[in-house]
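Read through the structure below, which is laid out as structure tokens, and then see the notes.
A, B, C and D label the chains in the order they appear, each numbered from 1.
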Amino acid sequence: MKNKKSATLEDAVGRIQDGATILVGGFGQPGVPEVLIDGVCDLGRRDLTIVTNNAGTGHSGIARLIEEGCVGKLICSFPWAKESFVFKELYDAGKIDLEIVPQGTLSERIRAGGAGLGGFLTPTALGTDLAEGKPIIESDGREWVLEKALRGDFALIKAYKTDPRGNLTYHLTARNFNPVMAMAADFTIAEVQEDVAIDELDPEVIVTPGVFVDTYFVTGWYEIGKERKAS
Amino acid sequence: MKNKKSATLEDAVGRIQDGATILVGGFGQPGVPEVLIDGVCDLGRRDLTIVTNNAGTGHSGIARLIEEGCVGKLICSFPWAKESFVFKELYDAGKIDLEIVPQGTLSERIRAGGAGLGGFLTPTALGTDLAEGKPIIESDGREWVLEKALRGDFALIKAYKTDPRGNLTYHLTARNFNPVMAMAADFTIAEVQEDVAIDELDPEVIVTPGVFVDTYFVTGWYEIGKERKAS
Amino acid sequence: MNEQNTNLLTRLQIAARAAQDMEDGWLVNLGIGMPTMIPAYIPKDRDVMFHSENGLIGMGPQPAEGEADQDLISAGKELVTMVPGGAIVHHADSFAVARGGRLDCACLGAFQVVANGDLCNWRLPNQKSGSVGGAMDIAAGSKRVFAMMTHTDRDGRAKIVTERTFPLTAIGVVTRIFTDMAVISITADGMVLDEIAPGLNKDDVQAVTDAPLIMDNVGEIAIAA
Amino acid sequence: MNEQNTNLLTRLQIAARAAQDMEDGWLVNLGIGMPTMIPAYIPKDRDVMFHSENGLIGMGPQPAEGEADQDLISAGKELVTMVPGGAIVHHADSFAVARGGRLDCACLGAFQVVANGDLCNWRLPNQKSGSVGGAMDIAAGSKRVFAMMTHTDRDGRAKIVTERTFPLTAIGVVTRIFTDMAVISITADGMVLDEIAPGLNKDDVQAVTDAPLIMDNVGEIAIAA
């Protein structure tokens, strides 16, 4: 049996190239794969399209990736938070593009991508600015917005435990977008707090089956949101 | 806190009326809520639309419901199995209607219903008899079948453990359609093997949050597929 | 209006009044700001569960000193706790709860509410972009939407209007409005003034409400002690 | 053809040949019938996981006497086991695996395969209804579809055709065909005869294949001992 473990951070993220579309887990700070993001920063990639809920906090995680000029476009639901000042500065300077997607639509577009669907009909955003340009479909006597599926070339996710096959569990609200993003990328990279032996995870409590995970990197527990500059 | 437990089987299923659309869990025999179905049989309801994967096995579960003349229409993916002879007899006699839906589309239509969506675009069945009459939508350079969401007035599901709030776990492949059906009904009724105290289920391993469950009935373990005629 | 300002409810008082409408057995989503003050005022004999769209069903109060977990936060990104019988789901499932008919009520802040229940709460008209978050999904999906806001803006202009000037969040979803002056229901017959703050009269409220109010049976808001 | 019947592969031999194509690390879905015979023949040094659409990822062989669990079955409704590192998911997630690009291969029985890869395997032409099960979803979603069947029907008619006479399951999905006579790949250039059963020659195969076969480089099927 092939063990999906990456021995080094560079092994885990090294195949990411300039211009890639990357789904990045997290809501606020919990569930953000900060170590993997640091790995991408260290690679110095450019023109990435990042799909994630927030526009980063302080100078760590997504904020660091933005600050170091790696991101060409951000697709998110909540860009304008006080703590996302790094994003605002680059956005105001015209150095980064932004697409705003309602949060439920964002998670559902990603799930649809993961489930091999082309899109879905949602009541969300009907009649609003955020439905502009999107097809409106009538079905069962109601109007719905047709939203398209969204996939990544890569997904960077954060999980709690893994086994050698990449079966994952999560921790509290650090779960958030991670399980749906794990499904929706051509190559899914997980950072995990801890890896355990093949038979240690109860098959009933696995949230992300290992078939969705291409490699994982073990980080141990760390305090989230701390600045960890170029390693 | 309100306990969602039904003291009797009749309490659990009593509000089901003639003509109701009912989602019924199970794939083959695992996960079929046989006790709840027996309860519906005992009520003598008529003209029910049943949404479930199979057309029943032998004389128990869905087969009993069909045999006793409760079912006006069956929506399923796999009607013609040797063990579904009861269904075949009534179908051949023109006493029951049938709608065949591909299995992945069936589970996804139910999930879409549970998720408040109107439908979704799928590659499944494109160009086949089972896409006849359904809208074909072009998106991202491909054609997709637009499938509609499917909800029930009731869902009858089978789970393993519950707490007083109706938080559910499942057992092996008896999970199958049950979690998505639990989401997609106006009133969801679970039969469970065992109920436990409020803090005994780890919040991380709950598969169906209790917010989707309206009431539950505790059955204990039983051997599946046995005939249990009118109680 | 200036002489009446002392009769306006405080933010806590608005939250306390809205809390009285939270029914036993409900699942409720709370927007950021004023709505997050609701839980403290819910009558103790009612079992109300809180849904936080980041996958937390059964959100509890802030943790005691030293008992916080960095991975357990609310949608407003505050450290929180979980009540017994809570559950964790992923984001898509969390929004399935919100859109799928299992959210009994969403209490949301608002910039403007239109007479037909249109909600505007995600972006200012002069901003080219806003932080929509989960507002549109939750507003569109919840069985009921309660809007919470000051009755007028800083310049004294009505926020309950007949035509909106703010970008739309969701069409016709608001069922009740809680302000510092009044409680107003949106019904098939129109906007009904249900209650007014002590010391105000009906005309005070209508004077700063663009939409016409039905004022046949108006009570007084009970102020929590 | 009668004198050649003894050279036709048995169902087990077809399964054994298909098993050689299961690559290390693959996730594979097996249809009912012949495909379920594949696992026993997979080379021991390869790690192949089996997906059963009823939510079982990591399906193992039938249980030993007395070790069956009534709640652990395959899509074919046989009692099975789970391998270490397996996982259980619900039905919608299971089909997300199938349609979402994570299923490396589906091995499915077939009534007819068209030269362009169209698969017909769910209903007979004279039946007004069929049991589609997960066939259409899995065929449409899998990275590769391997069709397994006898080369001809009971009346000796070709099942590999230029125009289908059976109801369609999925358009252009079949990538390889394993029959009792041959292994045939479907490529951008057309159908390629890769291997034939020992004792048969190329023309024997073409004679009972409606679609034209490219026969530039034909090997012999290695029969498992």
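Here is the rule we go by: contacts are C-beta pairs under 8 Å (C-beta built on N, C-alpha and C of every residue); 3 or more make two chains touch, one makes a residue touch a chain.
Being a predicted model, the structure only gives us computed values, none of them experimental.
By the document's definition of touch, common neighbours of chain B and chain D comprise A.
Work out the mean CA point of chain B and of chain C, and you get 36 Å between them.
The distance from the centre of chain C to the centre of chain D, with each centre set as the mean of the Cα atoms, comes to 57 Å. With centres defined as mean CA coordinates, chain B is found 33 Å away from chain A. Residues of chain B in contact with two or more other chains: 108, 111, 115-117, 122-123, 170-172, 204. Across the assembly, chain C contributes residues 82, 88-89, 92, 95, 98-99, 141 that each touch 2 or more other chains.
You'll find the chains touch as A-B, A-C, A-D, B-C, B-D.
Taken together, the chain B residues at the contact with chain C in this complex read 1-2, 111, 113-117, 163-165, 167, 183-184, 186, 198-199, 203-204, 206, 209-212.
Listed in rising order, the residues of chain A touching chain C in the complex are 27-31, 77-81, 98, 100-105, 107-108, 110-111, 122-130, 170-180, 207, 223-224.
Across the complex, chain A is touched by residues 108, 112, 115-123, 137, 139-140, 142, 144, 146, 148-149, 169-172, 202, 204-205 of chain B. In the complex of the two chains, the chain D residues touching chain B come out as 52-56, 69-73, 75, 77, 82, 88-92, 94-95, 98-99, 123, 129-138, 140-141, 167-171. Contacts from chain C toward chain B in the complex involve residues 24-25, 27, 47, 49, 51, 57-58, 82, 84-89, 92, 95-102, 141.
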